[in-house]
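Two complexes come next, and they have one chain in common, chain A, joined by chain B in the first and chain C in the second.
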Partner chain A sequence: MAIEIDEAYFDALAETVIDGEDEECVKLVNDGLAAGVDPLEAVEKGLAKGINQVGVDFGAGVIFLPELAMAADTMKTGAAILDEKIRESGSRRMSHGTIVIGTIKGDIHDIGKSVVAAVLQANGYNVVDIGIDVDIDTFIQALKDNEADVLGMSTLLTLPLMTMGEVIDKLKEVGMRDKIKVIVGGCPVTQEFADEIGADAVGFDAQDAVVKLDGLMGVNRVHATAG
Partner chain B sequence: MIIVGERINSTRKPITKAMQERDSEFVLNEARRQWEAGSTYLDVNTAMMRAGEPDTMTWAIELIQAEIPQALIAIDSANPAAIEAGFKAHKGRALLNSINMERKRVQSIMPLVGEYRPRVVGLTIDDDGVTQDEEKRFGLGVQLVELLGENGVDQDDIFIDPLIFPVSAELQAGNVSLNIMGRLKQAYADVHLVCGLSNISFGLPERKLINQVYMVMAMARGLDGAIIDPLDKRLMANIATARTLLGQDKACREFLKTYRSGGLNLDPNPAKQ
Partner chain C sequence: METGKGTLLICCGAIANEVVSMVRHNGWDDLHIQCLPAHLHGTPKKIPEAVRAKIHAARGQFDDMVVLYSDCGTGGQLDAVLQEEGVDRIGGAHCYDILAGRDEFARMMADEPGSFFVTGFLARNFDRLVLRGMGLDRYPHMIGRFFRNYTRLVYLAHTDDPKLRMHAEQAAETLGLRFEMRLVGSGEYPQFLETRCGLNCR
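Let's look at the complex of A and B:
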C-alpha cells in the first residue's frame, strides 16, 4: 500500500532517528521510496531534521550518550539507503564541509570522538570517522581520499598530544596546510596547547566543536545553548 | 578498604594552575581535607606539567609530607623521571600509580620498582592498547602479578586495576570488569584490586549514583581499593556500609564509629534525624 508523502511522513521519519528505531526507519525509508519520495528531501526534511534535534538535545543535557549513539546509528542506516539513490540520480547531499576525524596514535579512546562525530554529522557536516590509534600517514591519506576540508584530532591522554603537532607539521610538509582547517579536542587539550602546535581551534565539547567549526567554515546559524 | 584520594590531579584545571603557580596553600588544603576524610594514599598526578613533571612531583610530595607527616602518596605519572623524583622525595612506602604491560613502560619503570620497593598499581593494558575482552584483561592481570612477583614485589603490595568502561557505550562493560575482579581474587587471594570508578558512568546523568552502586557491586567481587574523591560523603558511607555487610568489620565497629561521627548522616536536612 502506497503511503502519502507529506509533512507527517517526514516528521515520522525524523522521529525514528530521535527514538533510535532502526527497523522502523528502514521501513519508512523503503515505503517512502516506493511511493516516490525524493531521496534528497527524505534526508534533509526527515533524517537530518531528526539528528539535528538529537544534537541540540544532547548539547542541552536533555538526552544522553546511549540515546545519541542509537540515533546516530539509525541516521546512518537510513542515510545509507537514501545516499545510494541520491548517487544513482547523480545529485549530492548538501554539507557544510567534510571532516576527517580520529583519535591520535597512542590512544584508543573511542567514545568522546564518536560523540563529536555524531554531533557534527547532526549539524550538517559530512563526517569521515577513521577510528582510534590513527597514525600520521593514515590521517594525511584519509584527508586526500575524502577531499576533506577539516582535520579533527582527539586524545584523552597526555603522551600522544605531541603527535597531533606532528600531523600538522606533516600537513605543511606535503603542502596541504592551507587547504585544511585543523580542530583538536580531548580533556588534556588547552587553547595554549592548540596555539603551540598551530591548530586552528579547540572543541572543548561536542557542541563547542560545532560552534568553532562553523566559525572556521563560515557557517552562519543560531547555535543551541545548553540549559 | 584502601582509599586513594584522587583530587590532586593535574588534569583538573584548578590543580593545573596551583601546580604551575606553586600554590602551596591550595594543594595543602586538598591534601588535608582528603586525608581527614579517610584516604589511605593521596594521589599526586603531574602529567599536565609535561617537562616540569619531575620538579612538580618533588615539590608536591615534600610539601604534603611536611604538613601531614604520616600521609603516604600515590605517585601518579607515566614519566620515569617524575616517578623517580617522587620516590626520592617520598618518606615511607609510596604507591606507584601505575605500571602496565606495555613493553616500554615495563622497561623504563620496573627497574625503579626494584630499587625503591613501592607498592604498585598494575593496569591491564599492553602494547595492543585497552581491550573490552574479559579473557585478555584477566590474562594481563595474571601477567602483571607474575612479572611484579619476579621483580620482588609481594602479592600484598600489588593492586590490579581491571579497567572500567562506560556502560553507556558497551552493554556488558560493568559485568566484564566485575568478572575479571572475581577471577583475579580467586587466583590470588592476597593481591588487591583497585579501580578508578567514575568511567563506569560516563555519558549518563546522576553519575554519582551509578558510581556508588557499582562500587558496592565491585566490593562484593573482591574490590578492596578505590581511586575516588573521599570528600564524596555518600560514596564513603556506601563503602563503610558495604564493608560491614561483607564481613570485613568486626562487631560492626567501623560502621558504628562512622555512624557516631556523623559520616552516615546523608540527610540534606540534618534537623530531621
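Let's look at the complex of A and C:
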C-alpha cells in the first residue's frame, strides 16, 4: 500500500532523525519517493526539521552525545538518497552557498563537525564534508573542485589550532581568499583566535554556525534558539 | 586545616594518583594537593570557574598556589581566570601532553593519529568516566562509531602495576583497539615543580 504524503509523513521522517533510526529513515525516504514525494520537500520539511530539533535539544542539555551523533548520521544517510534524486531530476536544490568542511590535520574528533555539516545542510547550504585530519592542500583542492563559497574548519584540540591559520595564509597565497568566506569552530576556538588568524567568523554551536554563515552570505531568516 | 604554610597544588582529579605519589616519593611535605572532579574534563567550559572557586576558598591558607591544569580545551579561558587571580599554571594543551611529555606526545600523534590515551586513573574508572561520562553505557552500539577513527590505545603508565595494566588492556578490548603501554612516570610534572617551587627531585 502506497503511503500518503502529508504532514504526518514529514513528521515521521523528522522523528527518524530525532531517534537516529537509520534503517527506518531509509525506508521512509524510499517509500516517500515511490509515492511521489518531492525530494526537496522531504529534506526541508522532514530531515531538516528533525536535525534542527536535535541541535536545540542538545544545546539545552536534554539529550546525550551519542543521540546527537546518531541523529547527524541519520540525517546524512537520508539526505544522500534525496540529494541523488534531486540531482537526477536535473533540478538544483536552492542553496545559499557551498561549504567545504573538515576537521584540521592533527585532529580526528568528528562529531561536532558532522553535526555542523548536517545542520547547515538542513538549513539550505550545499555541504561537502571532507572528513578528519585534513591537511592544507586537501582543503584548498576541495574548495577548487567544488567551486565552494565557504571554508569551514573544525578542531577540538589546542595543538593543531595554528594549522587553521596556515590554511588561510595558503588561501591568500593562491589568490582565493577574496572569494572564500572562512568560518571556524571547536571548543578551543575563541573570537579572539578567529580574529588573530583572519577568519571571517566563529560558530560556537551548530545553530550559531547557521546564524553566522547567514550573516556572511547575506541570508535573511528567523533563527531558532535553544531553550 | 593547617594555615599559613606551604604551597597548594590545584589539580584535576584525573591526575591525582600521579601527583600524590610524586609528592610522596620526593618527600615534598610543603606541597598540599586539592583536586577538582575528573569529570569536569568532559565539560571544559566549566573548568575555569571551578578553579577560581578553589582559589577563592583556599586564599590566605597557603603561602603560594599553583594550578596543575593544562589549557584542557578551555580555549584560553582558564588562563584569563588565572591572570585575574594572579595564579600560574603548568603549560601544555591537556594532561596527556604533560604526562607523556610534550615532544613525545606530538611524536605519538604524528606517528599514529588514531591514538587514544589512558592514564591509570582513567583505566581504572573507564566505565564510569569514559563510557558513562559520554552516555555510551546507554548506547553501547555507538562505541564503534565514536572510536571508528582510532587504531591503538596507549596506556601512559605511572608505574608498572599489573592490575592497572589489566584495566587498560580491558579498555582497549572494549574499544576494539590495539594495546600499547608506555612507562612515563610523572611526566613533566616533577621538573615543573622543581623549577617553579625551588624543590629538588629524588
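We take it that the second predicted complex is superposed on the first by the 225 of 227 C-alpha atoms of A that agree within 3 Å, B and C clash if a C-alpha of one lies under 4 Å from a C-alpha of the other, contacts with A are read in each partner's own complex, and residues count from 1 in each chain.
By definition in this document, a residue touches a chain if its C-beta (ideal position, glycine included) is under 8 Å from a C-beta of that chain, and two chains touch if they have at least 3 such contacts.
What you see is a predicted model, and the numbers here were worked out from it, not measured in a lab.
After superposition onto chain A, the partners chain B and chain C occupy overlapping space and clash.
Shared-chain residue A:L65: touches chain B and chain C both. Between chain B and chain C, C touches the greater number of residues of chain A. By the document's definition of touching, neither partner reaches A:L171: not chain B, not chain C.
Shared-chain residue A:V189: touches chain C; no touch with chain B. In the superposed model, A:V100 makes contact with neither chain B nor chain C. In the superposed model, A:T158 makes contact with both chain B and chain C. Legend: residue contacts after superposition of the two complexes on their common chain; A:D73 is shown touching chain C, with no touch to chain B. When the shared chain is aligned, no partner comes close enough to touch A:V128: not chain B, not chain C.
Of the residues of chain A, those at positions 64-66, 69, 108, 110-111, 133, 158-159, 187-188 touch chain B in one of the two structures and chain C in the other.
Those residues of chain B that touch chain A in the shared complex are 11, 47-48, 50, 78, 129-130, 166, 168-169, 202-205. Across the complex, chain C meets chain A through its residues 44-45, 71, 73-77, 93-94, 97, 106, 109, 113-114, 134-136, 138-139, 142, 145-146, 149-150.
Taken together, the chain A residues at the contact with chain B in this complex read 61, 64-66, 69, 108, 110-111, 115, 133, 158-159, 187-188. The touching residues of chain A, when paired with chain C in their complex, are 64-67, 69-70, 73, 106, 108, 110-111, 132-133, 156-159, 187-190, 192-193.
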